[in-house]
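Shared between the two complexes below is chain A, which has chain B as its partner in the first and chain C in the second.
Right, the complex of A and B next:
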């Protein structure tokens, strides 16, 4: 009886079974948890998942005005076809150079490399279905991208908005990372004025991108900008970078690098300052030079942070729009158009379906790039360190 | 008690005095009414609306709130505002060529009856082209013209006189004059200047500029022939020898232009011309009035205007080749030269959102009418910053308006003469006004021309890109429907 009482407890109306109360309590507890989570879930559904599905549907439609309003005519994959094989192909993928023996040579080497990569992944003892499929998709997409890159970047070809974006992303991040690391390393040393420079190096990140774009527009105006006398003296006053696609792309990348290097700088500075002094002192005692201390001790130590910061920038950099829009208006021609600017221009001309299709391809490219990066670089770095 | 009576009397007197104005002043017609009006980022066009809005408010009590967006956003901003039922704007000042999309969807208010009852507007004083084409769609009137638009060529009259050259009659003359003055100091600042300055920036006005060059090559048999499409098949007239020659001329003008011409819009080319840096330019009527502004112009009384240059070889539509002008091929040629003045854009016009409340529509109409009435318009068209160019007969006849604004008699006659020559030409080229013309011109044509100028593609590729792009839009929207709309737009009575 005592046992039962201990289990059941007592209440105003006599013994109350504890088991029942516990079930009710846990139900209430779980409901309360769900209730508290519900606003966040609803917000996620309405702000992220719902727009994702709506924009997917939009990419399969054509926006048409009809008396009294508008309608969305279902056109299947027509918007995607237009971008990949239709009239927008050159704008999106670029103009393809003629096939040359040099192209076949380079591409054959790449294809062999990718084939070896797939075969090796099949032979791995831990090869699982999903992992192998992922590697095969990576090899297929990677091969296609390299095929297109080789044909659009060689003489006679011209990159479209997809490859222009890839150039901004890869070129921009590489420079931002090494420049940011260099500045972070300098700012982590016991040098005079380092506090001042820590603040100064951060300033570009705090300026509005449109402001940066206008600043660079003036700076790059060889005939009117603040450096006009310098360009004039060099005989370049009558030369305009906007007339040259690569000059304009370089201008956009310069602005982007100026804006985003501080982000790399601040994160890498924090990472460098977290390197244990014991390690550095031990290296110093062992007679390591400054370069060796950085390369063999500090840099490996900050690799996980490096990998993460590059991943964040990778995802962010794909969305570049403000700089090419204000600085070059996507020109000359369509040379500096990024994917987001391409989508924006399509949207502005009421090609809503085409704009959504570009945005969806961008989503695919970003997801594939980010997952590939995580699988092949980020995890390996984490494992090594 | 006496004190209380005295205070009461004083209060009553004060109340009586305070209530006098309320009793005697009649409430203004549009007291408390706000009209949100959308147009493009100025200063042109927005400036006169913003300047005259408060004056109109004092007269009528209405508040005119002018909202501006970049030109490249204006078309879709207007359309989406009405199509989605947002209706945040009750009036718009826009390109009348976009009417095809706004009217057929039933978004714009028909103002025919209002105009008929509005004597102050002096509707018949507006030149017939702007009344019958720019303001009208399907026989009904939907907009009030505020501006008259034709593209012309401007030249430095002092330079040409010194060099013993005549104003350009053909595009070959244009290139020759541009070459003559390119690299020379044209404004005395010791720096080399430019032979030709044309707004070639993408997403701006470049696609009208290229058509001003192409028009003479493409249309020779009168306005009803049209310059954009074949009247039987609705195939674009952009893949033939004539258009190739026009593109060659357009590209060659760049040799004598500023280095960053690809980034110049009309603000830059006008500024370049009035600061004396350019010997030639293509523009609407704006350079003429901007050149007389003593604050900004270095070329006062040194500017001449002429009808768009022509060509002695025109398109044979059957063979797609260039053929020499004859009485058959170029019936309107002057001295063997076919001129085809391009009524680009059609002139900024004001329209009213049909879904606006009745009182707001009345106020919006009253304001647009006020802006177009001679008392206001005849002054505004003489001020360069307004962006408004002459469109009323009284503005062409009364040269005193122009001399008062700072133009010499000779300059006024030359300027108005060039516009009138364009306006009265039987071979005037009408701008494209078919459903979704904005996609044909502002998207496909503009992008291909930008790529051509940037040397991303060559002339043949540009022609193919325009042809294919226009065909894709036509196939999407329906060839017969587009052809019918095109023919209807060319059948205008002038």
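Right, the complex of A and C next:
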């Protein structure tokens, strides 16, 4: 599901059993075979499946000190309630702006779009129950998210850690992808010295995010950073744009883009180079312009790879913590806190149940985003070409 | 006269290569590429320069070029390497030990799992899985109630072996290799913060908090899915004939795997190793939870530089530089493998 490989004629779909001369009997044979897989599976069971269940339980409890130690008091869904309607709402969801006519106008357009999306799946000749249900869940969650997004991002509202994370993920990936694609296209041309660019463009990916955060803090320092004369000329020397919520979020995103554009670049470059030269030459003979050659030949050809890298980044980008934690310490206020950082802050104040609840919501958001991405975009793109 | 004929032809042929830009295109391409190269290199250059500055050079506003703007000083380097010798060396060694061992371990477990999934048909039955989970939970609960863990584990293993056939027969729904592969790969979706608290408690119970072992085990588990994913795609393009003839000659599966499959996959192994190494080398969140003083890794000790006296850019720059040098050297050395090895499955389509 996460791969794009299984298309026609690319080798066997299932495992290819090796034909062994039967030696010490099939029992021994099958034990040897399971030894290949078992260590990895056991490791994952003990370090991700069991902890996941324990986390679920923790998210339903409250950590309390009692004489001689601590205990976990079962509190049901109180931790989740606290995040969504209770005292932590401003931190998690954000402050909601008042309802305005403009809001209703935009939201009703979105609602109509989602409704059409669901109704169209009902009209499809092969309307499978699961597909319809999946679209309904997606429309419901998507509608809620857009409702909250519109109200937190309009004047008077303020996004919380959930939407800050979504902004990092969507904004970051969009910029990284288009930037990486452009650079990959330019570097795929026959230019002297392109190996230099390839190596240099790879470097940011190797640098620790903590180091990047500090480096960008130095660079963004308006008074003492390297661009101080520029800011001074603009009369900005005494303010720090990390002190403004959107300035700080932009700083975090800049660091993230700087670090992860190389990943897009390297994979998309390899993909562009795997486009058959004959195809491009044929297009050229037919009189296609460079622009057309790229968008009509190369781009469709690399679309499956494109979709895979975006999926990988989608999964990884949700885990962001180091950059906001070091660059801005989550501030000003909680403006740059991502969900992971939010969970960490809660853990540090011994709100273990709350921390687990935030983590679980993050898990839900990532899983939902990844599965909707796979079923609505990735699968289609990977099959079309 | 006769030699002059082929020349223009050659030139025409070169101009029609679909990858050759026009001169204007080349100029613009160079401009954009050079701009991005500056964007990439300038921050690194700035750390490098800052590491040779004295506090006064930083505080009195930006100075750009050593020897011209300001006279460089090795004070920060001396402070980090001489005055703080052990406080620098220990996190560095910790990082090297943890990153290398966990990458090697993840590669070992991940490649063998990827190979197994690709070549041997597995049919795990739902009943056996449920039995395993139930027994594991029982063992943990029993341990919590005071049963010695050796006895608990031993009886669980015996029970598992005894009841295996029975459970498999009762609930006989089975899974295929694709299900296993998807399950393993999907573990990468899991945000580490969702599992880190139980892992913390587990290592605390085992008295392994703040040790190398705890970090090595955790990093291995975190990196396993990506190794399985990349290496499975890589192994898929190795032809099976060689393996089959070795199998007919009587070589065991382990022998085939070690002496035929792995040597044939060097580019894939190199790229995957680099990627996994970089992930563990730079990892922050898990180290933040699982270590405090003894096993602290470099990202944490860099982050801790911002403690009491405000950010000390000059020391931080030295630490960042010594931290990124090995991985950057490795990336440059392995650059040609990365493009070939990374996501080969996705790219070859």
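Just so we're on the same page, the second predicted complex is superposed on the first by the 347 of 385 C-alpha atoms of A that agree within 3 Å, B and C clash if a C-alpha of one lies under 4 Å from a C-alpha of the other, contacts with A are read in each partner's own complex, and residues count from 1 in each chain.
Here, contacts are C-beta pairs under 8 Å (C-beta built on N, C-alpha and C of every residue); 3 or more make two chains touch, one makes a residue touch a chain.
The structure displayed is predicted, hence computed values, not measured ones.
Q: Could you say whether A:330 touches chain B, chain C, both of them, or neither, answering first, second, both or neither?
A: After superposing on A, A:330 lies in contact with chain B but is clear of chain C.
Q: Output check: A:308 vs chain B and chain C. Expected answer is one of first, second, both, neither. What do you get?
A: second
Q: Answer with first, second, both or neither: which of chain B and chain C does A:202 touch in the superposed model?
A: The second partner, chain C, only.
Q: With both structures superposed, pick whichever of chain B and chain C touches the larger number of chain A residues.
A: Between chain B and chain C, the winner on chain A residue contacts is C.
Q: Under the stated touch criterion, which partner chain does A:105 make contact with: chain B (first), chain C (second), both, or neither?
A: In the superposition, A:105 touches no partner, neither chain B nor chain C.
Q: Contact-wise, after the overlay, does A:267 reach chain B, chain C, both or neither (first, second, both, neither)?
A: second
Q: Looking at A:349 after the superposition, I want to know if it touches chain B, chain C, both of them or none. Which is it: first, second, both, neither?
A: After superposing on A, A:349 lies in contact with chain B but is clear of chain C.
Q: Touch check for A:122: first (chain B), second (chain C), both, or neither?
A: Neither partner.
Q: Contacts for A:133 in the overlay, against chain B (first) and chain C (second): which applies, first, second, both or neither?
A: It touches nothing on chain B or chain C.
Q: Would you sort A:174 into first (chain B), second (chain C), both or neither based on which partner it touches?
A: It touches nothing on chain B or chain C.
Q: Taking the two structures together, which residues of chain A meet both chain B and chain C?
A: In chain A, residues 223 are touched by chain B and also by chain C.
Q: Along chain A, where are the residues that touch chain B in the complex?
A: Contacts found on chain A: 62, 65-70, 82, 86-87, 90-91, 95, 158, 221-223, 238-240, 242-243, 245, 328-335, 345, 348-351.
Q: State the interface residues of chain B toward chain A in the complex, per the touch definition above.
A: Residues in contact with chain A: 72-73, 75-76, 79-80, 83-85, 101, 104-106, 192, 201-203, 258-260, 262-263, 438-439, 442-443, 447, 450-457, 465, 468-469, 472, 476.
Q: Give every residue of chain C touching chain A within the complex, in rising order.
A: Within the complex, chain C contacts chain A at residues 16-21, 25-26, 29-30, 32-33, 36-37, 39-44, 46-47, 50, 58-59, 61-62, 64, 109-110, 112-113, 115-122, 136, 140, 176-178, 180, 182, 184-199, 201-202, 217-218, 220-221, 224-225, 228-229, 233, 236-237, 240, 243-244, 247-248, 250, 252-254, 256-257, 278, 281-282, 284-285, 288-289, 298-300, 302-303, 305-306, 311, 313, 316-317, 320, 323-324, 327-328, 330-332, 335, 338-340, 342-343, 345-349.
Q: For the complex, which residues does chain A have touching chain C?
A: My answer: residues 1-5, 7, 10-11, 14-21, 23, 32-37, 39-41, 43-48, 50-52, 54-55, 58, 182-183, 186-191, 196-212, 214-219, 223-229, 258, 266-267, 269-271, 273-274, 277, 280-281, 283-284, 290, 293, 304-305, 308-309, 315, 318-319, 321-322, 325-326, 339-340, 343-344, 347, 352, 355-356, 358-360, 362-363, 366-367, 370, 385.
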